[in-house]
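One chain, subunit A, appears in both complexes that follow, with subunit B as partner in the first and subunit C in the second.
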Partner chain A sequence: MKRYFHNFGERVIEGVLTISGTVTSLTVLLIVFFLFKEGLGIFNQSPVAEGSAIVVNNQNPVKELSAKELKEIFDQNITNWKQVGGQDAPIKLFRIDDITDYYTEEQIGKDFEYLPQRLSEVVAKEPTIVAFFPEQYLAKDFQGHRINLENISVSEFLGGTEWYPTIQPAVQMGVLPLILGTLWVSLGAILIALPLGLATSIYLAEIADKRVRNLLKPVIELLAGIPSVVYGFFGLVVIVPLIQDLFGLPVGETALAGSIILGIMALPTIISVSEDAMRTTPRAMKEASLALGATKWQTIYKVVVPYSMSGISTAAILGIGRAIGETMAVLMVTGNASVIPHTFLAPVRTIPATIAAELGEAPQGGMHYQALFALGCILFLMTLIINLSVDFVSAKRKANR
Partner chain B sequence: MNSIETKDVHLYYGDFHALKGISMAMKKNQVTAFIGPSGCGKSTYLRCFNRMNDLIDGVRIEGEILIDEVDINNKNILVDDLRKHVGMVFQKPNPFPKSIFENVAYGLRVNGTKDKTLIEERVEKSLRQAALWEEVKDKLKKSAFELSGGQQQRLCIARALAIEPSVLLMDEPASALDPISTAKIEELIYELKENYTIVIVTHNMQQAGRVSDSTAFFYLGELVEYAKTKTLFTSPKDQRTQNYITGRFG
Partner chain C sequence: MSFSQNQSINNSKRLAQSVAFTIFKLLSFLVVAILIVILGFILVNGASVISWEFLTEMPKEGMTAGGIFPAIVGTLCLVAGSMLFAFPIGVLSGIYINEYSKDGWFKRFIKLMTNNLAGIPSIVFGLFGMALFVNRFGFGDSILAGSLTLGLLALPVVIRTTEESLKAIDKSFRIGSLALGATKWQTTSRVVLPMAFPNIITGLILSVGRVSGETAPILFTVAAYFLPKLPTSIFDQVMALPYHLYVISTSGTNIEASRSMAYGTAFILILIVLIVNLLANWLRRYFSKKVKMQ
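And now, the complex of A and B:
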């Protein structure tokens, strides 16, 4: 009887463990599936601001425009139909407010009841017009045809340099500045964190005596436990003004500020991973070096560092991973301007910061919302690549032993 | 002529008294073997000669150690210079994660030798001395880890020889090797003593008998008996030596 219960208990435990494993895996898959389902929806949508219509005269041969072209037209950077594949005629812009140039208030009606008809007349009258107004004023027997906006293409999304997700008449969903901003800030972070982290881990692994090490290591690991919003606050209050004064900038919220904060945040990871790697250097190998008359420093850079190179690379990649995904601190200190970065002393906007800042105001299921999810997919792929390279490097490290 | 001479050497690991007043002299161009059961202090004593014990916290050494008539614990002696003069081969083969060539060239490079031809010459010479040249001459650029254990140990010997020390310390150099590799190492030791003073720690009494000119028996941190190898093995004076070499303990 006792034995029976024993076996039963074993089986229950086994079952619970199996279920936890399965549930966890399924949850992960579900999240990824959800992310991509929402994110990829962006490519099936026309970038016209929702509920709006863009119409031209019936004679106009132009049937389709890209979001970019439409924006340029309304910004008056494109002023002739020739430039977008139509006849050689200047483009006449028409926004809903312009109706008062054509008709009096009475003709439009007190409750705009005649407005659809009037709009139709205007478009019929003006062969070179392009009109943008709410869809609800589109008359049933409208004299003119609607312009289809090409769906956002993958290359446009990834390669576009303008991120104006709520602009009218056509939203601009170019994420290149955000991707580059993320990479730029992370690059800066790693340039700051790697030399510092490496130096600290060499000190801890090879030079510091046991007492110092036992004191320092927990302190450094404590850095990893500080909430990122606190880092952001620290950055905002200390580092941002410092950068502003130091470089004489109009604003201190720059990529550099983000890089410094992220560098500090990546330090504990880099230090503890590379220190562990260095401590696995066999004593025999260090002794062999010293026995050949090498100094301590020669032993460190000729034996210890090369031996733990893959561990150090893992540390660096993990540090980058930490930097790329970090949201709050970056959001607080980088200034969030979606321009392609070309210096560390200008504001940038990262992917996580964009998602955090904009998701709250993006209507669910809308284009903006989907675009943010697509950004999430890109971030996911970036971190996936990073994780795979960690696996690759550490597999190589095992093979070398 | 004495290559190494120690006078009343005491060594403490913290409170533990590991070497108890050892005085002995090792002759130039001879092989001296240290035998004794595990923990008897023979390796510790050997590691005094290139100050490897400096690396261990809480070690204190008293007494005098002279190598080529220089007190090696003198404050004016740079430990790096001492170690260039006193090479060491360890128990387990411990090549660096570098190419075969770079392993042998390491000692030269850390000592500031830049001359390429000199390094190449010295690498070849050392590998020849270590009887490894013929086996590796076509794969000098390959990783040292691709060699067998016995080859790796000969590589470590070549590495130690490349900086042309006058003394070569060997800490159980064949204990991790198969019989054929062991035989090769022993042959090598025999050849090397023409140019080097060799001190070898070994667990293997047959090995001590085969390769050494003199043998010292250590027990519990004391030097029990030190004599010509033949004499020590055939007519030991001390009862403890007698017991050890006849296999009654150890």
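And now, the complex of A and C:
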């Protein structure tokens, strides 16, 4: 009886442990589910600014426009219907305020009660008009064609170069500047962190005596423990003004500032991973090299570094991963301008910073909200690729031994 | 090859070595210097702000004066809440992975997923916490939602340290215990866990440090811009130290005037990190001495 009880208890405990063991897997799956569920919704929504209508004359052969075309029309970069597949006629723009050009205040009504009807008349009268006004003024028997904007496509989303998620009349959601901005800042960070980190790890693993090492290791651990918002604050009050003065820029919030801060933040990862890799170099290999008359330095760069190359590349990949996902520090120092980066001395905007800055203002379930989740998906996929390649490199390293 | 030639080659080799070593040494000390500059800058500027009033009063005059008491309380709530969730599950999960699971696809899968979870950026946790806890479960912006989000973030850290601490314990202890007739759980709970405990606690302390400084996951799950009262239930919003530092250094009504408050807040955050690291190091040393004495 007692034995049976014991067995039962053991089973229960094993069950509890197994369930706990699956929590992380479950979390990852849930994260994927929620990100993609919300994020993919963006491809089912019309990019017309919420609560607005875009209409053309019934005779107009143009029945559909893309968000990009509509924006170009209202920015007056496209001025002829011919350019969007219609007849050769200049486009007449109409915004709600233009109604006073056609009717007096009395005709519109004191409380705009006749406005829907008047709008309908204007659109019916002007064959080349494109009108943009709030949906609530769309009359029931409206004389005109309401344009349905094509849903945003995957290629427009990923390849679009303009990110104006709240602009009227049609939102622009091209994430290319954000993706490139993220990669740009991370690339700069790794260019700063890799040489510094490698030198430090070589010093710690091969050169420094034990006393110095015991002094430096906790310092580097401390560097890893500082919260990113504190790095951001330091960047904001020290690095940003420094860059502004040094290069004589109008603003110091630049990609360079982001790269410097991210580089410092990536240092601990790079140092500890590559130092660990170098420490696994077999003693016999090093001693053989020294016995052949090589100096310690020759041994380091001809034996230790090549031997631990896969570990060093893991360190670099992890460093990039850390930089890509970092939010607060980047948000505070890079200036957040959504332009395709071309220099390190101009503001850029990264994916995490965009999510952090805009999610608070995006109404739940709206297109902007979904676009930010779609950005989350992209970020998730980027880090997934990084994690998998780290697994791949370290599996290969194990296989090689 | 004559003797003198040989010597000159040796000399140039030695020169290359000493040049290289000097460069490495300088770069390593540059890394240390960076840390000292960051720490020094914030500690020196922040120290003059710290006072009893700063720690125990509500923010005043558009957060340009007064204290950061509600943010301290908020961060304490979040740390406690997230650890209450992450610590037990993380330790149990670590025990499962190292002691119970058998080698095979399931173990590999769990380890892979844990690694992936550790690599997910903190802002994605924020998105997820908002979608699941705030909206789907209807917790709203609350301590509960924030703690769960932070707890998930800390989970891989706790699991990994538990796993490592268990791995470090020699197999002979387990075999000895099992040979005496103890069950697997008895072996785990009475032999293996007590030995691994110090290291597990060290991991817990380090994850407290991590959680207390995270900003991105709490942006949309709990953090309040300005809330001059203390929380009364787990469904209340709170201010938190890292978010407070973010808002007063970037978007306050008067950024210049609130700068001293920002230095003070950064000082407290750094102080937490320093204490956590010192405590962890001290514990590690203390316990390793104790083990040696036994």
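Operating definition for what follows: the second predicted complex is superposed on the first by the 392 of 401 C-alpha atoms of A that agree within 3 Å, B and C clash if a C-alpha of one lies under 4 Å from a C-alpha of the other, contacts with A are read in each partner's own complex, and residues count from 1 in each chain.
Rule of thumb we're sticking to: a contact is a pair of C-beta atoms (placed from the backbone, for glycine too) under 8 Å apart; a residue touches a chain by one contact, two chains touch by 3 or more.
A quick note: this is a predicted structure, and the numbers were derived from the prediction, not measured.
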Touched partner set for A:271, first subunit B, second subunit C, both or neither: second
Subunit B versus subunit C as contact partner of A:233, first or second or both or neither: second
Which superposed partner A:89 touches (first subunit B, second subunit C, both, neither): neither
Contacts of A:295 with subunit B and subunit C, given as first, second, both or neither: both
Contacts of A:352 with subunit B and subunit C, given as first, second, both or neither: second
First, second, both or neither for A:246, with subunit B first and subunit C second: neither
Subunit C versus subunit B, contacts on subunit A by residue: C
First, second, both or neither for A:28, with subunit B first and subunit C second: second
Partner chain in contact with A:303 - subunit B first, subunit C second, else both or neither: first
Contacts of A:287 with subunit B and subunit C, given as first, second, both or neither: first
Residues of subunit A at both interfaces, subunit B in one complex, subunit C in the other: 295, 298
Subunit C-facing residues of subunit A, complex: 6, 9-10, 13-14, 16-18, 20-25, 27-28, 30-31, 34-35, 38, 195-197, 199-200, 202-204, 207-208, 216, 218-223, 225-234, 236-238, 264, 267, 271, 295-298, 300, 321, 324-328, 332, 352, 355-356, 359-360, 364, 372-373, 376, 379-380, 383-384, 386-387, 391
Contact footprint of subunit B on subunit A as seen in their complex: 210, 282, 284-285, 287-295, 298, 302-303, 306-307, 400
Interfacial residue positions of subunit B with respect to subunit A in the complex: 50, 52, 55, 57, 80-81, 83-84, 87-88, 90, 92, 94-98, 106-107, 109-111, 145, 156, 159-160, 163
Subunit A contact footprint on subunit C (complex, rising order): 13-14, 16-17, 20-21, 23-25, 27-28, 30-32, 34-35, 38-39, 41-42, 88-89, 92-93, 95-97, 100-101, 109-110, 112-117, 119-128, 130-132, 135-136, 152, 155-156, 159, 183-185, 206, 209-210, 212-216, 219-220, 242-243, 245-246, 249-250, 259, 262, 266, 269-270, 273-274, 276-277, 281
